[in-house]
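Shared chain: subunit A. Partners: subunit B in the first complex, subunit C in the second.
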Partner chain A sequence: MKSVKPGLDAYALTWRLPVIIWQVLFFVAPLAFMIAMSFFLVKNYRMVEAFELANWIKMFSRDYFRDTYWQTLGLASLTTACATMLAFPAAFALSFKVSENARRWAIFFLIIPFFTSYLVRIFSWYVLLAESGVINKIIGFLGVGPYTMLNTMFGTMVGYFALTLPLVIILQTLSMSSIDRSLIEAAHNLGAGRFRTIFQVIIPSAKIGLVVGALFCFILSFGDFVSPYYLGGSQPPTLTILITDTTKSGQQWPRAAVVAVTMMVTLMVIAFSAIKFAYHNRSQ
Partner chain B sequence: MTTDKAITWFLRCYVAVIFLFVFAPILTSVVFSFNSDRFPSLPLGEFTWNWYQLAYQDPDIWEAIRNSLVVSLTTATLATFIGFCTAYTDFRYQFRFKNAYLALALLPPTIPLIILALAMLAWFSKIGVSGRLWSIIVAHTVLCAPFAMAVIRLRLQQMDKDLEAAGWNLGADEWRAMRFIVIPYTLPAIISALCLTMAVSFDEFMIAWFVSGLNKTIPVFILEILQGNVDPRIYALGSFVFIVSATLVVCAQLLLSTNKPSTRSG
Partner chain C sequence: MKNKSTTLSLSRRQFIKRSGGVATAIAFPAIVTSRKALAEPTEINMLAWYGHGEPDVVSEFEAMNNVKFNPKYYAGGDNMLGLIAQSPPGTYDIILSDAEFVQQLNQAGYIEELNPDDYPIDDFIHEDFKQFPGHWSDGKMYSVMVRFGYLGVSYNRNAIGDDDAMSYKCFWNEDIAGKVGHFDWHLPSLGMMSLLNGNIPKPFDIDSGAWKGVQETTMSLRPQVGGFFDYGGTFNSLKNSEMSAICGIGDWITGVLEKDGAPVTSVVPKEGGIQWTESYCIGKGSAKAELVNQFIQYMMSPAGQVRSAEMAAYPAFCVTNAGQAELRNVNMKEAERTGQIVGAANNPLTLISEGRIHYREVPIQQSLEEWNDFWSEYKNA
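Let's look at the complex of A and B:
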């Protein structure tokens, strides 16, 4: 029902233009400028506009940068795999073992941390994980420990989970709870056991949600600066720490831009592959 | 049957453990904000208001709170306006390159904040607007507009398209139909979007830290305390920040869930 002409009059433009203007000026332009900046030169502590490959060659010939790249990639992948597996039983329970009302409340509670200070939560984990912190005190009563958890990869991953786990559980739950129940019953009637039903019916049907959850987990942990810095103590350093150090300690912005563009390209490749994988063979 | 029950109970306990993991840091920050020891651990020290008092007496913190409120309120207004325009365009119009248009509108939250932060710092210095409160507001609006768009678009989804057309047929021009039909209908979502975007902006620290110069917001202030020693004032501040954000998110949620399509025609 379009009884008023849907053409491009002043009215239509009023609603269409704001986001275009704003995002082109303050989203597309900054990103484009950052890409350009990765080819700039720094002379006498001042940035000079140029088009040279110097920064790229310099960064990519450094072992430090290459090691950091693979470590960051590995850590984010490990986090994604662990978070997906840790989230799955919880999402499964929320999808199939509780009432719809309970599920709605659970999702609501999982949204809250997403909008509350990540920094404060990380500081809490810092205190909880410390050598003389709460967790070591508690396991001390049981006669174990103390363990060093701060300034390790374990510390970094705890922070990553704090950041990503709620979102992964939400996305998995949303996709699993919308699976047609009769599919599952049919599998049971045809004699499939619990695990077979999970692996051959539930996981394939919820594939898109599972992959999208994993993808967001990867993007968030790959791009997080706070956990590897404060909980991991830069052990190992990540690309985000590299960007922050390079940017904050002087005028080497072009090199920081090289790191940032490398991260963006990596994320784009991974996102496209993940989406392709998620929508591949949907008919099965 | 008994194995079924056992599995169900195991899964429920597992969910409880996950929720403990998610909420442990929030609970500890509230508990330790009233604890007298300088390094928060077990056993607990005495009950104290000390950290709140110290935070309350610090003029820098008041300055940061003021900055945070200015930034988050302005950001919420701008982002909700842009989000509304985009949501309405998507709801009402079909046009060429609409997919590109929507991608432009929705992409920002998928880019890691640190990359956006560096890009905006560089761009703002280039065009000469860096280091001001306005720099944070402009950058946060880019980040928040997609959230507002999503919330308002969901509400528009429930609106019957004929409702607006009926207004036109009864002689209202498009602007009047917008004023008296579309805006009243989406009002709960608009307020909800205001709350959500304000919460996002209020908590964001990476972009704010990069582009703010000397104008610290509360999260940037916390970030800088973190770089020093353990300071329980963070917990006092953290509880405050948590209460603000949680209130905003709860309001947003309530507005979205109570106003189910009761005004729907038909």
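Let's look at the complex of A and C:
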């Protein structure tokens, strides 16, 4: 039988062209401009074209930049780990313990939050988390609290979960729903208990979806400005807040570009690693 | 008989002709007067702090002159400079600038010269305001001061006593640990720390030793700090008692809440307060300079000064005597609350004469960047 090699024919290229144009226009070109801008200088609040390393040296020599970087990375990683673990039982239940109809409704309800503006959702949390807010009032009846939840790392995390958790549950559910049930039955028939089946059959089978869900969670929380600013009160500040600080004062867009490029590189490394991990041994 | 009938009866054609003429004659004045109303309103592009282009300030002028304000809001003078620098000349017809940035606007050639005779400068409440620093260059005027206010200790009266609030040291009070907020702009907060360190009368004109001292004092406040907020965040955190005190603001935020009945207020402490000043400029190359000038004149009129003083977004003091008098006429309660009555202990002029008010400036001996760098470091500490 003749093997079919992927080649560069006109037909295939025509179908690929929109994606290529899209990527060039909205990803490659802006990224190239941002990288170039990181070498520009600012004089009298105006950007001047140049090729100087001054912005890179300046930002990377500052303790606050390094601290903010690790804080942002830590927060996004923690959110990803927590969201993945919190989402798993829900996705598991939706995939294996409820009817097809119930699953469809559940996914629909998980999508509904995305119909409203993220900023509006965050301000709703403001009302809930405030010291005089709904949550503290409720637990106050039990003689507990009040607790400070706003303007803390906890507040930031709540915002991150509001942003990412529904998406992670949906991705995990879709992934687990497509697992071949005969594999699970086979595991049970061979004597595997529930937990062993989960860890040795379900998780490996749904690995790609789980990793992609976690990756989306990381990307969204790593680049979020709204939650750390409005719910976290910049406690701690994140790279997105640093970008706005840098542009606000002195109009240092080139330095903000340094921060943004650093974020992009970080995300690319993590995304490629995650995808490589997800598809590792897939062909075997 | 024939004659009679010709005078009394009209043919259908004659009737239409004459009634058409009558209708035109009756409607003509209305058509003439409504042409202006029917015409598309002239758009005026405004660059200002939030609130200045809102209906409570501009609606009357818009209706009177068939104009429509198209505001672009900023937060912080350097943010304003950046927006102008990145826009083509003539983008903004009117610019509301913090006074300390007017000089830079002028040096960069972003604003038009103004005619002092167009404004009631002789009626300004304070001699200094007539020649406000940076507003004049080589005897020419480039900006007119329209409103001002004071920054000091802003606090929740249930959390901090009025006596304690008379010093910036109250921010270090153990009882409010984690409940001190910052307005997220370095100039006002660092200016206050500079005043606390005794850099009087020039808190922004300090040598390297004094600057180091300001940094140390500010850093010592960090454990007390519960958050850094923009306008909305500052407003909310005071309103819902999330923060007990905010460093870097004044009555311009607490005034709105106070009028709403919240137990918050602002005072000028014994170390002194910082004056924020807002001034109008006409954008260089504006095709609507004449109309903009009319608007500035309107805002400088007693009625305009009252609108400015009562602005929904944030209140301010009037800069003219006539403005203050009009405020007392129409809203005595607000005049009393803000001390804009003769003999009041918190009268803005009394505070100036006592030497307790210092103009906000950009750093003189350090760069703005150096102060901002420290601010980022402080937020991360």
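One rule holds in what follows: the second predicted complex is superposed on the first by the 251 of 284 C-alpha atoms of A that agree within 3 Å, B and C clash if a C-alpha of one lies under 4 Å from a C-alpha of the other, contacts with A are read in each partner's own complex, and residues count from 1 in each chain.
In the analysis below, a residue touches a chain if its C-beta (ideal position, glycine included) is under 8 Å from a C-beta of that chain, and two chains touch if they have at least 3 such contacts.
Keep in mind that what you see is a predicted model, and the values were worked out from it rather than measured.
By the touch criterion defined above, A:T247 lies against subunit B and subunit C together after alignment on the C-alpha atoms of chain A.
Of the two partner chains placed around the shared chain by superposition, subunit B and subunit C are both touched by A:Y230.
When the two structures are aligned on the shared chain, A:A12 is found in touch with subunit B, with no touch to subunit C. Once chain A of one complex is fitted onto chain A of the other, the partner contacts of A:L128 are limited to subunit B, with no touch recorded for subunit C. In the superposition on chain A, the chain among subunit B and subunit C reaching more residues of subunit A is B.
In the superposition on chain A, A:L142 makes contact with neither subunit B nor subunit C. Once chain A of one complex is fitted onto chain A of the other, the partner contacts of A:M37 are limited to subunit B, with no touch recorded for subunit C. Shared-chain residue A:D63: touches subunit C; no touch with subunit B. When the two complexes are laid over each other on chain A, subunit A has residues 126, 130, 132-133, 230, 247 in contact with both subunit B and subunit C. By the touch criterion stated above, subunit B contacts subunit A in their complex at residues 7-8, 11-12, 14-15, 18-19, 21-26, 28-29, 32, 39-42, 81-82, 85-86, 88-89, 92-94, 101, 104-105, 107-108, 110-116, 118-124, 126, 138-139, 141-142, 145, 149, 161-162, 165, 168-169, 174-175, 196, 199-200, 203, 205-206, 210, 219, 222-223, 226, 230, 234-235, 237-238, 241-242, 245-246, 248-249, 253.
By the touch criterion given at the top, residues 75-76, 78-79, 81-82, 84-86, 108, 178, 181, 184-186, 225-230, 233, 236-237, 240-242, 368-369, 372-373, 375-377, 379-380 of subunit C touch subunit A in their complex. Residues of subunit A that touch subunit C in their complex: 44-47, 62-64, 67-68, 71, 126, 130-133, 148, 150-151, 229-230, 232-237, 241-242, 245-252.
For subunit A in complex with subunit B, the residues that touch the partner chain are 1-4, 6, 11-12, 14-20, 22-24, 26-31, 33-34, 37, 86-87, 89-90, 92-94, 97-98, 106, 108-113, 115-128, 130, 132-134, 137-138, 161-162, 165-166, 169, 194, 219-220, 222-226, 230, 240, 243-244, 247, 253, 256-257, 260, 263-264, 267, 271.
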